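By letter and in written order, the chains are A, B, C, D and E; residue numbering begins at 1 in each of them.
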Amino acid sequence: MPDVTLETRDLTVRFGGHVAVDHVSCRFHAGELTAIVGPNGAGKTTYFNLISGQIPVSEGTVLLNGNDLTRATVPARTLAGIGRAFQLTNLFPDLTVLENLRLVVQAHRGPKFSLFSRAAAHEELTEAAQVILQRVRLDTMADQVVTALSHGDQRKLEVAMLIALDPQIYMFDEPTAGMSADEAPVVLDLIAEIKADTSRTVLLVEHKMDVIRTLADRIIVLHNGALVADGPPAEVMGSDIVREAYLGKEIADV
Amino acid sequence: MSDAILSLKNVATDIAQYHILHDVSFDVPRGKVTMLLGRNGAGKTTTLRTVMGLWAARAGQVMFNGEDIAAQPPARIARKGLAIVPEDMGIFGDLTVQENMALAAVSGPIAADRLELIFTAFPPLKTFWDMPAGNLSGGQKQMLAVARAMAEDRQLYLIDEPSKGLAPAIVSTLVWAMKSLKGAGASILMVEQNFAMARALGDYAAVMDDGRIVWTGTMDELANDTALQENLMGLSMEVA
Amino acid sequence: MLMKLISGDTPRSPILSVILAAILLSLAFAPFLFPGTRPLDTAAHICIFIILVASYDLMLGYGGIVSFAHTMFFGIGAYGVALSLEHMGRSFGAVAFGTVAGMILAAALAFVIAMFSLRVRAIFFAMITLAVASAVAVLVSQFSTLTGGEDGMTLKIPRELTPAFKFHDEKILGVRMNGKLLNYYMVFFSTLILFLVMLRMVNSPFGSVLKAIRENAFRAEAVGYRVVVYRTAVTVISAMIAALAGAIYALWLRYVGPATTLSFDIMLDILLMVVIGGMGTMYGAVIGATVFVLAQTYLQDLMGTASDATSALPLIPDLLNPDRWLLWLGVLFILSIYFFPTGVVGRLRGAK
Amino acid sequence: MSQAPDHAPTMQRLNLVQRITPFVPALLVPLIALLGLLFIPSGSSWLTLTVSGLAMGMMIFIMAAGLTLIFGLMDVINFGHGAFISVGAFVGVTVLLLVPGMTAAPSVGLNLVAVGLAVIAAMLATGVMGVVFERVIVRPVYGAHLKQILITVGGLIVIEQLIHVFWGPDEIFLTRPETLKGAITFAGAALEKYRLLAVGVGLVVFLAMRHVLRHTKLGLIVRAGVENGEMVQALGYDIKRVFVLVFVAGSALAGLGGVMWALYQEVITAHMGGQMLILVFIVIIIGGLGSVEGCFIGALMVGLLQNYTAFLVPKLALVSNIGLMMLILMWRPQGMIPVVKAK
Amino acid sequence: DITIAHVYGKTGPFEAYAKQSHVGLMMGLEYATGGTMEVNGEKIVVIEKDTQLDPAKGRALLAEAYGDDEVDLAVGPVSSGVALAMLPVAEEYEKLLIVEPAVADSITGENFNRYIFRTSRNSSQDAVANAKALGGENVHIATLAQDYAFGRDGVAAFRDALDGTGAAIAHEEYVPTDTTDFTAAAERIFNAMKDLDGDKKLFIIWAGGGNPMSKINAMDPGRFGIEIATGGNILAALAAYKELPGMEGATYYYYEIPQNPVNDWLVEEHFKRYDSPPDFFTAGGMASGMAVVEALKQAGSADTEELITAMEGMSFDSPKGTMTFRAEDHQAMQPMYHFKIRVEDDVAWGIPELVREIGIDDMDIPIRN
């Protein structure tokens, strides 16, 4: 078994009396893509929020390479290597595509508090950003303002930003939601590419079964906040609990 | 299709300085489900929003029950018997689920049997009835958005990607809920990327690309012609 | 060389460049071009407000933070110098000490306010700064034994900066070579340097992070920027520069008081200058301050003439009465927000 | 159809602290009053201070309510509100000065009619101003906070100046109607009659607003409209008209507050409203943006605390508001009962 | 020509005072020159400058008046803060500034320079006059004042002046300037005084709007045998005095009080021209105008040094009778008036009726420069 990179121990959050994530203990490994499935409201997004720090934890711990990050801030976690793309597109709307990416590159390897140097003079940042643009095939759009991009291109940029961050842990929350069948493959290929790099760990929330089938090395199932199944895709998809709670009979039959 | 509840004639819509819709014409037959399909950015959402009056049409007519509603404000259009489930769901996050539903029932409290039906289809709504809707999960919000449109009888429902973000089990309840709406005599114009669902529900289909209608016909015609699908939408049937 | 000085941030409009050059030259040679006390005073005011408005633009236009406490920091700087001159005697040492002390205090206060309120909505920050600034203004008038209260304090500044000091007996080009001239050039060069420094700041990597935060703070966090830290930093820097402007102002006026440094009216003036000039452009501060100070100084005279000219009509002369100049400034203000939403600079850049 | 599986999530019983938390803000007012009783040696002084604190709080509430309504519901910051308070005061006082017969008569009925007339006139005037203001000043800048601040500040300046044009530059002095002068002595404490009236009016305004916002659809529409006006329209409600209505209601409340304040101060100036604005802001911040309940509780807290500290440690009275604000913000950074979400 | 700059806050909260002041100044010049507006054969020209109550503007405008407009002397301003800012300008340009009607003690006190003269009263004069009016054997006085220089200096001067009258200060209460609720202050005062014997008075020293007199009266201080007292005020503010018939205090001016030809002319002409009685600052403005003319006459020229020589110790007529510039601090010494409020139904304000004129010699005004 490869190294454990990310681990949650008894991770729990309560909203009032409602336990949205309920003592979830799970280990994620380098070079592995784990799909997280579960019915609506199962706590998948909330689980992500706890790992990336958007919501404070009620109980339990988040460990990255053995370091406790439970109380760390969002930026601290990002810099430590937990990267995240959002379910709803979330960019710097009035800046250009290139500027968006440059800012990300600058965040983890550029000068941040340099008050008196000229930004334009830092060419290494621009170059790094351009390389990534080519990878996601957005290089022709470099000088477009984000608001002028189509939905699909914005999704691609969203993924590009995550790649630019070059994190150890990649978290995707329904990356292809609302994407048409001809746009989705571009994004899925990128994810597959990331997965191929054995030093990276990928977490993916998806409702589309075919996507999960082709990409996932492992599936975990959340239900009412609790982790109810964990294993290889074939095994988990066939289990009763998944068929009952998640797929529903009719659709599974279609 | 002589009896169309809604028919668009040469509609063109601009957003800011961009021309988004060019010369869109098609009919929505009464009492049927019409699917509006097409790739990302084709203009589906824009079409629904134009019908609802949320974007103003620059040219053309939007005939609803024989009346041109193109230049009317959305509130007036809604009162004529249209309801929309917007792409971004349009949930009022600061209001509770109950208040969201109460607002959707324009003419008075929601009938008990209707509420029963909604709760059967979407149980989480009952669980979180008094909770701010903003705290719902993505899928739960989607349920609420659909449930809101069902709060009272409307003649025509404009539904934008209702299955996005929903777990498969709920998608099947959704199909069931839509069918019961249709069974009650309503007409539906729906945008959907999930082709399985589109096929399960649709009677007719219209396909858009680049702000234009490129194909119209019955759902069966489209479903049985894989080449046409590939050609029109880059869709493939095995996507479940 | 020039490009380096202005950090590669050119005016990007020929007309704008000409106007800016004209302002620069007029200010640089004001004592020789416009003899008389009032024009020189006006020029010095323009300089000081350029610093003040530019430092405000740093926060507003680049940081996206609305503050009503800018005059408070301005005042802290001014009172810092006044108090040190009062207690340490008439020397440049006292001036330096007061300035630095004022800047440190301003920074500390800005830091505290920022920590408190920048975590929440921008609107909160706006209202809290308003409340704190008003409390400070009241405190200043309360501690009258120290601050002179409502009446303020007159300063005994180093002799070298007063008209009494003559460093050259002859007039040159009809201008007396005295301390007042030195004082003016101190104001002018401080302005020039501070402005260039701020221009560099907004074009630095730090500046680009600020822009990102203004666009989407949530995402900036997720990408790894500590938003609160950046916002606090820009607030503190802006406060320190405002305090510096206050110190310069105190030396020029040789008087500090609540009405000249702390009042809400000045805060409004600053807002107006930023808006007229153009937010988030830096050059807007120069244009805004110049236009506004000129209008403020000469509008009343104009109105008097207009009122006399219309004295036969009903109501109009009342409205045009010079005493009602503020009414028209208010109207002008509203109109400028509607018709110059991007300010003069935005207009000129768009029109090129 | 297959029954969807049971989605009922785990619900834990809340512990005591969690159950009480939502009511804490409301409990703070009696708590402060109790603390006051503890520290203030004389019972009659405490009673006097408490009543006057409540009355002060109520008047601040009336002035703040309109602002928080507009602010919270429509997400519009109206600095012009201060000028509306002044205009309300001037119109109201003008009416009062027109009916000296009614105000000078020692008859409760006549006096109240006179005050009523003044209030109606003031609310009408500010209400109409509200329509104009909404149309001309505010409508083009919905959603743009900075511009709102600027443009409404412009409005504030212009209206104050227009007051000078119409009523002249002088401050105007007035006296309260005959039966509202003086105090009732009760348990050794002098309770001013006018303050008792103010408490009553404040309560009525509060209850009425709460009712409308909570229990009528109008309230729902407005609250929903702020968040997503487009969707409210798509549901079939004419949001523009509702917004004008809210703006008018908020402005009219400013008018009411102006008259109440004028009768309390017995002198009015064009700047009076602008000066009140800071206190009004503090109350709104404490209460939580847009919350009428929060605003009410906040206003009462400010009123009481200010009176108690002014009695116990006068030097601190001035900073007590700021101190209270800081404390509340440390506890709840969004104010006690925020309605508008952080952005 | 002899040019005089009237530099004052025409716009801003003190607009009303400013108007009175200017009308007074012009009427004073007119009266003193016998309507010719000429002195020593030269025409008097008055130019106006609006400080907008901004000290910075005040300075700039005064500098402009002296430097660019080359006026011979200047009069003004309304606000003490503006005045203090302007004082060094007079010194710098070595030209006269006649302060009217700003009242801060420090203008002729610690911030004084030899180019400054003041025709208006200072705070001490107010305080001392009131002490004379209120003091007496077995009188306990509480004071209520604004918590800043004006209030604290006023109380201090008042306290000093009470010495020897037999009265004692029982309690000093200071409240922030912008206080609107006086319940707490009143309760503190009541608690401090309720157990005392003898005459109990509450003296209120208040500048600007918002005099708390009637608010405290509403709390029924009579329960504890406490009477309210306060100084005079402008006519508009006297409306509030109607509720306090019999109240005593000392005032600077009320148009029915001074009996002299100057005042008679002022009252008559003012009624004729403006259909209203002259007020506080009209009288003050007129005094400054008359002082200017008298000084020019005595000096025989508009030269600053000659004017200063002439004016130190100079006596001149005013609506309040003869005033004298004290040589040490250039403050105009003038009588004050002990009044008692009488209420008449057809008069919109409480009428301050003269009890006794407090002459210049009755008051020991400290020299503080």
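In this text, a residue touches a chain if its C-beta (ideal position, glycine included) is under 8 Å from a C-beta of that chain, and two chains touch if they have at least 3 such contacts.
Chain labels with UniProt names: A = Branched-chain amino acid ABC transporter substrate-binding protein; B = ABC transporter ATP-binding protein; C, D = ABC transporter permease.
A quick note: this is a predicted structure, and the numbers were derived from the prediction, not measured.
Centrality by C-alpha centroid: the chain sitting nearest the overall protein C-alpha mean is D. Farthest chain from chain D, judged by C-alpha centroids: A. For chain B, the chain with the farthest CA centroid is E. Averaged C-alpha coordinates put the centre of chain A at 46 Å from the centre of chain D. Between chain B and chain C, the centres computed from C-alpha atoms are 54 Å apart.
Chain B and chain E have centres, each the mean of its CA atoms, that are 77 Å apart. One finds 34 Å separating the Cα centroids of chain C and chain D.
For chain D, residues touching at least two other chains, in rising order: 1-2, 4-5, 7-9, 164, 169, 318, 340. Listed for chain C are residues 138, 142, 323-324, 326, each touching two or more other chains.
Multi-chain contact residues of chain E (touching two or more other chains) are listed as 15, 176, 178.
Interface of chain C with chain E (complex): residues 36-38, 41, 138, 141-142, 144-145, 148-152, 154, 162-163, 253-255, 257-260, 265, 300, 322-326.
The touching residues of chain C, when paired with chain D in their complex, are 60, 66, 116-117, 119-124, 126-128, 130-132, 134-135, 138-139, 142, 268, 271-272, 275, 279, 318-319, 323-324, 326-327, 329-331, 333-334, 337-338, 341. Chain A makes touch with chain B in their complex at residues 15, 37-46, 87, 150-152, 174, 177-183, 207-210, 245-252, 254.
Across the complex, chain C is touched by residues 10-11, 15, 50, 53-56, 59-60, 63-64, 67-68, 80-82, 84-85, 87-88, 92, 104, 106, 111, 147-150, 152, 176-178 of chain E.
For chain C in complex with chain A, the touching residues are 7-8, 197, 200-201, 203-209, 211-212, 215-216, 218-227, 233, 237.
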